[in-house]
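This is the structure I want to talk about, given as structure tokens.
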């Protein structure tokens, strides 16, 4: 065991070495000053392993492994595969630690440990937390799980029924099991936890169920709760204290989490946190965005609805908020802001800035000064007709009046639709190219607001939605974005939404999967598709790459269609009803003709 | 003879008309029926599965429409959308996990089902559950077309219940009754 | 008796020279056999014959009787409503029954009584008044009646089956739409509209063509009787207004049955579209009912003042302008919707303006009475009632035209009072007058005088007792269409009074019914012209013969019986072996050509059956439109398909011998 | 007239709009009466006054012309009066208004008192309070079918149309309780869709408003606590909201301050313990067809529930 | 019989006529007024609904021009055989009437077939939204008229071949031709509204 660790560390060191000296002919991005590798920021330079879903604290999903290059990727072959036995949407990122791969399945959230040292990676052990079946009834958009996290010999993951479980990475025994929420209040856990220092950070899902959103820090040792920061309600619940210095005036004030809601509505206002948390060890800040306010029908919740759709910078030790910025005040279209915040140092206007980069559902790519919370730029990366941009003076998103949903009236051609221009599917940033790679969707919608009762434990949505392909007719896109200039470098149009995560490597290859089951490798600089492989079911998972015990670079991805767009397949939904799956079925009615349910891990190598 | 025929025809029309149009506001719903729900086609020991009774409201336009109203009022539509499903399964198709008969649906609502269907006992009055059960059957075309609701004053969704294609239930617990 | 106790005042200046040699006498070859004519124009015997009737008198009579039957039934419903409203928190009817009943009352009164009965009198009287032997398109006329009858039966049967409409006679969506009125009740309403509108439109076309092309020679435009003018103008209003409600009810039924979104605000439709379409019909509808009534009033006033109506031209122009303005003020039914840009002042002005022609007519009638000497017979008594009652309705109408006041009393019992004063005052009083006036012509017997007096006075008393308190109730805040009210509102006493009045009204109508039945058997024989009236219907026997006029008359004035010279010629030369009819020119009524009218036939009845099946079936499945089209096609083809040449008097005209003039060519024969 | 006419009458105006309209009404009434008397006199005269010589047509022509001229002049005067009243009714000072969003439901009224701070908004049902002397803006719309808002003592009516939101201004000058009623046929219980407007002094209004903004009082006695549990356990929560509890139903009236209202079921019944009990057990006998289902609560539970509801001041 | 003193002898008048002198012409005109009014109101409803929508057509491509335009041309050309039929009828020329009726019938059939494609190229169903409802209603209303006239023409054609033939049947043929003019004339504004109104925003 120890040997393997040593090798891995060595390999990683090698890889980062390669990285620092780019191969001939490859120019570092942005002229003279190459951006420091994101991994160096995180202090986790081990490119051979994959310890957290987002690869590193900066959320770059960049791997320094360079064995697979643009020239040899065409020879990539299936190394082995593994069936998870669960036929729901597989959104998780596998972890690779010390020669073992850990994968967590959707409900019933089985954790498998696969032994990479042996041929065909046989099952070492599996851990079955047996979550309550009833939890399936409150999981808004398929019973997914986005992965586990590894630290300190423990694999930590969430179950759908609100448990966070730590399992001994070696033995598969449960170390601790913490109950964080209640399905009877509509809460579920679907996110991949993040372990910062000795704390496990977990947020809840259920913005469609009238939950009250929070992020909780658990003690990695025993699972005890260290702090919990709510995303609505009075300042003391939100952990807003004297340190709190938001950049914009509209985010300042006392108890905004109460006063910006109709009375009592903040108690059921949603704003969970089911996406990505990033961490800057240097500033000792975590960054994450909160989810949408509920119900969807904005007329039922006049006001800014703080702190939904907000990015928070918090101290990981106490949870105390340092700054916040609300992306979508009075969110109109379920535009959760749970998307990843990449912690990067970029040359902005000739000046090196510590920034946060965030592709937001509302279609704008936000670049922040991560110390102050100032929006440096917010450029649209996809077609949007619901907002004219962000007023950088006030920081407010400028909504288009005629696209505001209203009760009892269908507002048509809302772009981007409820899943936003880009949903949870995480992006990757390559310091070599200086580009951000991400799949996103090109979906517009018609929406009608409805009256809705809050009935605890039932959906609290209040909208009829009907989605369809946006301009151009393609429903997905894989895009390379230059965050410094705010321009699109290149883009690949896909028939279906690209709901998978992305990984980019030092070989300048970016990997992603499509919902009709193609796993693709593209040239990170040109966007040429270099290789593709048809897997068993549509891909909505997060590809990873690692160095196997044999020293070879592997690429792994879970296939198994599902999630919100794939619910038509994974949930046997009926396309006769265009409003099914909160309206996504209408846009995906042909998906069953392309793929069926699945749940298989595919691992590729040269 | 002819007069009799005419009379019988007239009475038949009258009865149908009344059933469809009656509006009873103070409902006395039928007592609960057999205590379990057969969701299997397998009946060991021979004999026929117990006869199913149809919802008292299935032919009543007012009650079906009430069912439709309650379907969204009680957030059923939150999970099942307008029948196509979402968090919950589709209701306009021919698959019925726990049976398509009115009393099976009644029990599904009343008692909940393990994979996420909440138990509504004590939260929805009995008569309304029966109305919901009747309406849910109409969603897949199992109620008479002249009594089933028409489109709602909302976004155009699936075909309205009075135009819903009749989906002959598959994997029904008790097949023959489906042919009603 | 001496019928013309004075010379007609004003007939000298416009003498039309009959287009013929005045000295000519009738050669024997042109003489007709009255018996033969009677046979040719006779209907078929038996049940089959009864179903095949095509003459306007039989159909008109059936129309009138049927419409009155519907009136009685709707009146009974009104009585039931009044019983429910007599006391606060009454439990006589529940809301479900009450809503069906008030909707049925309004719908039946408007669509199955008021408009049809006016047209029915047109069907009966207009051909006689213009000196024609039948109405134009007699088979269409029969079809129209059957559609009317079937529509009425349909709605009452559905009502008996608890499927009666319950959304009010103006059936506003979304309440009448698919989401809020499940079942078939609103479909029944919408389809009833289709039935009655089809019938009404058909009659209107017939009346227009009859008046345009079948007038007696000499009856130029300025000699057309005022009642005929009123009917013609009404017919035009029907043609222009009723398509609006047909379109609207079609849209409603499509919304309900096949899921269109005309009135769904969520999908870009608009409930107010219904109100615009409906009131574009609905307001002219009031004048469609009122204008024929003014024709009746003009006729009766003139007859019983013993002089031609004063201001003939003014009266005609008043009618025409009423008709025009009537189309311009539908929005005053929608003031409370709060549409800012609708130009409320404009519609207020238009609504007030329409009082001017009405006022003009009023003054002309009063002038006629002042200018003549009034004989206060029963028909005139009813017209007198009309003057007083309608005046109240008209004045409250002016109040309602004022937006601010309308905002207060709109949709209250004040409006209920107002439109009952307008419709009962403006239409039913004249209509009763018309029944008393033309009953002798139709049946040959007079209606009883004593019972008639009782009828009138009870009616007037009951009417005012019923409806006058409603003005006050409305001002005290009582909305219309409520099935009950609470004691603390204090509306109980006036409602009680109103219910008593309704009872008196009921008794009065009962008296009328008895009077009719008694008079039919034992009434005084009327003779040709019991009132000494001046129009042509009195120039033939009572009841008229099968061919209406053995010798079709020619005319020299508005009131030919008063104004024609003794030697006024009659028309001869029409064949007596076929149903030969003289067609005249539109403007001056010069003889144009002859044409053959159709024989009695069962096909209109069959077609009406097929159409009804289609309409009713379409409520239950859209496929009924496709399947039902087949019998409808068969019916129409059978209707249209000519009999074998030569059979029953239809002679084939030899093609090789050209007899028709070329277009534009002068009539080949011309006056001889 | 009846005592009740003050409660709900066009002719007992309590605000400037209604007063303007009432003035127009009396003008119209007297003009109409005059016209009626004159015309009727002519009609009767024509019949009764038997003449030997009929009138000459030229005399009649002059008379008719005069009559028409008089008609035109009268109508013109009325038109001017009407338009003038319309203007007067529409113009209200816009300072210091109270904005109420009023939504019609089958068959009750939902009112939201607007406020710049979202958390200061509150929802109530079937009873409005307005301050005397301050203009009130009602933004009206409908949830289902067309209804019509009408409080005759204050103003004319305004339709509540789904898909439209329109504003109507009114003001009360005289304190009092005024009754209004839905004036557009809206289905089964159109008759029992009443609304009470309490016009009160500004202080009283602000006190009322402050209280309404608060969430429901926490029960202080055991019985009330148990009653709250009955409420939360039962079907009530599916349709009704009591702020401060998990009950968040939007299908029926907000009950947070139920005990402050004078009536229940949109003015159908007085808000007393007995009526409330009857209403909960069998609302359909008082208001057949309304959307509240019958609830068969055990007698003990019902008493506890009533005790709790009575605390909702 | 009691012979009156003076008479108006009409025995020499023709037993029939063509054009506006006939009852049938006026009756048809009445029908046209009714239907023209219905069309006018439907068009008014179209523009009213358009007012209530922010985008028009509501997030749909406007109807394909091809088939509507083809049909407009077919209708316009059909005026020629229609006029020839009318003239032949007024000449009481049985052979020509038969010939031209057949041609008219062919045009009618072609038109109705193309109409099916028109419906398919509307890009929406009647229940898609209010826009779909009103364009289907406009097109449907007009289709009802052309189908009716087609059936009319078919029956007349059969009659003209089988008999019994009387001169007044030629009047029917002429009036049928006039009604076709109405159908053609009303199509032009409807064509404009359905196909061009959504393009001129």
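Lettered A, B, C, D and E in written order, each chain numbered from 1.
The rule is short, and it goes like this: a residue touches a chain if its C-beta (ideal position, glycine included) is under 8 Å from a C-beta of that chain, and two chains touch if they have at least 3 such contacts.
For clarity, every value in this text was computed on a predicted model and none was experimentally measured.
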Between subunit B and subunit E, the fewest touch steps amount to 1
Looking at the contacts, which chains touch subunit A and subunit E alike? B, C
Distance-maximising chain from subunit E - centres being C-alpha averages: A
Return the chain pair with more inter-chain C-beta contacts, choosing between A-C and C-D. C-D
Averaging C-alpha coordinates per chain, one finds the centres of subunit A and subunit B separated by a number of Å equal to 41
Taking each chain's centre as its mean C-alpha position, how far apart are subunit D and subunit E in Å? 52
Starting from the mean Cα coordinates of subunit C and subunit E, work out the distance between those two points in Å. 30
CA centroids of subunit B and subunit C: separation to the nearest Å works out as 48
Touching two or more other chains - residue numbers and ranges from subunit E: 52, 58, 127-129
Which parts of subunit B, given as residue numbers and ranges, touch two or more other chains? 23, 73-74, 123, 151, 153-156, 159
Mark out which residues of subunit D touch at least two other chains, giving numbers and ranges. 144, 162-163, 188, 237-239, 251, 288-289
In contact, pair by pair, are chains A-B, A-C, A-D, A-E, B-C, B-D, B-E, C-D, C-E
Within their complex, state which residues of subunit E touch subunit A. 54-55, 58-59, 129
Residues on subunit B engaged by subunit D in the complex (per definition of touch): 23, 25-27, 69, 73-74, 122-125, 127-128, 153
Touching subunit E in the complex, subunit A uses residues 402, 410, 412-413, 446
Give every residue of subunit B touching subunit E within the complex, in rising order. 151, 156
Show me the residue ranges of subunit A that touch subunit C in the complex, using the header's touch definition. 408-410, 448
